[in-house]
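Look at the two complexes coming up: chain A is in both, with chain B in one and chain C in the other.
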Partner chain A sequence: MYRGQSGMWLWILHRLTGVGILGFLFLHIADTYLVGFGAEYFNELLFLYKNPPFRVLEWFLVGAVLFHGFNGIRVIVMDFWDKAVDNHKLLVQITIIAFFVVWLPSGYFMLKPVFFH
Partner chain B sequence: MSTETKTTQHQPADPVKKINRRWTRSGGRPRPSSNFELFSWYFFRISGVLLLFFALLHLLIMHLINNVDVITYQFIAERWASPLWRTYDLLLLVLALTHGLNGVRVLIYDYIHARGWRTFAISVLYTVGILFLLLGAQVILTFQPQLQNVAPK
Partner chain C sequence: MATQVTLKILRYDPEKDKKAHFETYEVEADPLDRILDVLNTVKWYKDGSLTYRRSCAHGVCGSDAMRINGRNRLACKVLVRDVGGDTGKKIQIEPMLGFKILRDLVVDMDPFFEKYKSIKPYLINYEDAPASSERLQSAEDREIFDETTKCILCGACSGSCPPYWSNQDFIGPAAIVNAHRFIFDSRDQGSDERLAILGQGEGVFRCRTVYNCTDACPRDIPVTKAIEQIRRAMLYNR
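Moving on to the complex of A and B:
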């Protein structure tokens, strides 16, 4: 039931989003560290995050966190509840739908001030 | 298929050893039997559930309600005036970083098989991890706003 099916793709995405989020976390710790050097340094750096391409990437970051979190819940539920494993396909569908239901509206709110101000 | 095992399937204690059955029915990592790997297995799940709350609330506040247009030095200074937010950020830092580093540790064991390279990768991981943990904790705990720069406009 596993190899080549939906669970495998979610597993690959879980690893990829995990590594991606950790990569951003390192960058984020570095940029927050600059706040200790004073306002000039910190506010200078923020130009990076303010340009439109980065705002779109920021939305993808939110997507990575949402997917990783929701898929993580799915794995935990199946780890501790055998009945869930019997309905694994339904769980995959719920995970994907829940992800888009939260991610797409968040894109509207995050990107509206960037492109329609 | 051959992956039809219960999640309680026990694995060899040493993660370096060849593992015959790598996946459970659920597709997740089998619950390991050795002390450290079992701790790691539970830690992933407990820190993951906590992070779902802390990270998503952090994203909601900093990226949806506020956004990078309003997050400035002054914004951080006002936010970190409250010890509650410093505690929140410190907790988020520790949980997210340890969860992520533990993830990379598993990836290293999964994909790097040569002992020398594996030791090297693990050493780099722990060095970089501890460095960033200290950097992050230092700025959250010791930050003092420069008052002349946060004067009201």
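Moving on to the complex of A and C:
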């Protein structure tokens, strides 16, 4: 085990969220495929997305997309802007703050209709 | 004042062991002793079979890079108190990741040096040097690659790099740093050759900007920055 710095943990999370998003993509391809058999099959499956635990998972999916996006922007900025490499720690902090600022309110809007209707 | 220090060292003898295993040693050390001094105490007075590399013992030769408490460091540049050894914390010492372990803390550096040689780490200039003087360079031009001249080829950066652990063909940060030293040298004419090598699949674009290398470098070389500068030199063709 290597005790890496913040950059290493963000890199690991970037990989994990990337795989997670890919996994959801496969699920999504599978459920839209059901439309081909008729609307009733597809509607039957929609109970899955209205299910409270599944909605929580969807909130985590949104988190994965947001983190992957913000961190991706950080990596791109470092590739193209020399000063960004000098301010690596500041960029890490901005990435983490931006992620929570968007992700936590999204939880309110996504989970409220399911848990407090 | 001498205190009792506990060392947990990863041991591996290819003739006896199937797998590497930890062994613990208690030795007396001063908080201002270096980890290398403590390893010497173990080797000289406790267990002569303990094997590690060291040469100058002053942070110049780069022989004693190893993982100390999970991070690549030179054993001759880390004090016992730096890693809390004087406050009763165990000091864990392992060989660097990404290299084949030959014995105990000694790793096989041959592939590392092959990668280093592959980037042509020497001045290339196809014109004859002026007969009356050296190839002159302004202080400003010298400054551009000043940081990367400091590399001592200890391997701490490459051994801290996740893409280097998982991909044995990746050229690694140390080779890239040494390419940087010549690519940005105004007297050198081999930049295109080196950029062609580094632009291949296993070159600079394998870097994932993890930053472990910058933290691990005992010479404080901004390794990630050097890698990014080479990438930009390729992208913008400069």
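FYI, the second predicted complex is superposed on the first by the 114 of 117 C-alpha atoms of A that agree within 3 Å, B and C clash if a C-alpha of one lies under 4 Å from a C-alpha of the other, contacts with A are read in each partner's own complex, and residues count from 1 in each chain.
In this section, a contact is a pair of C-beta atoms (placed from the backbone, for glycine too) under 8 Å apart; a residue touches a chain by one contact, two chains touch by 3 or more.
None of the values given here were measured: they were computed from a predicted structure.
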With the two complexes superposed on chain A, say which partner A:Tyr49 touches: chain B (first), chain C (second), both, or neither. first
Touch check for A:Val75: first (chain B), second (chain C), both, or neither? both
Regarding the shared-chain residue A:Pro113, is it in contact with chain B (first), chain C (second), both, or neither? first
Just to be sure I read the superposition right, which of the two partners does A:His88 touch: chain B = first, chain C = second, or both, or neither? both
Which of chain B and chain C A:Met8 touches, first, second, both or neither: both
In this superposition, the partner of chain A with more touched residues, chain B or chain C, is B
Please work out whether A:Leu25 is in contact with chain B alone, chain C alone, both, or neither, and reply first, second, both or neither. first
Just which bits of chain A does chain B share with chain C as contact spots? 1-3, 7-8, 11, 75, 78-80, 82, 85, 88
Which residues of chain A touch chain B in the complex? 1-3, 7-8, 10-11, 15, 18-19, 21-22, 25-26, 29-30, 32-33, 35-36, 38-40, 42-43, 46, 49-50, 55, 58, 62, 65-66, 69, 72-73, 75-76, 78-80, 82, 84-85, 88, 106, 109-110, 113
In their shared complex, chain C is touched by residues of chain A numbered 1-8, 11, 75, 78-80, 82, 85-86, 88
Interface with chain A, chain B side, in the complex: residues 1, 3-4, 6-7, 23-28, 31, 45, 48-49, 51-52, 55-56, 59, 63-64, 67-69, 71-74, 76, 93, 96-97, 100-101, 103-104, 107, 128, 132, 135-136, 138-140, 142-143, 146, 149-150
Under the stated contact criterion, what part of chain C meets chain A in this complex? 67, 69-72, 97, 160, 162, 208-212, 214-215, 222, 224-225, 228-229, 231-232
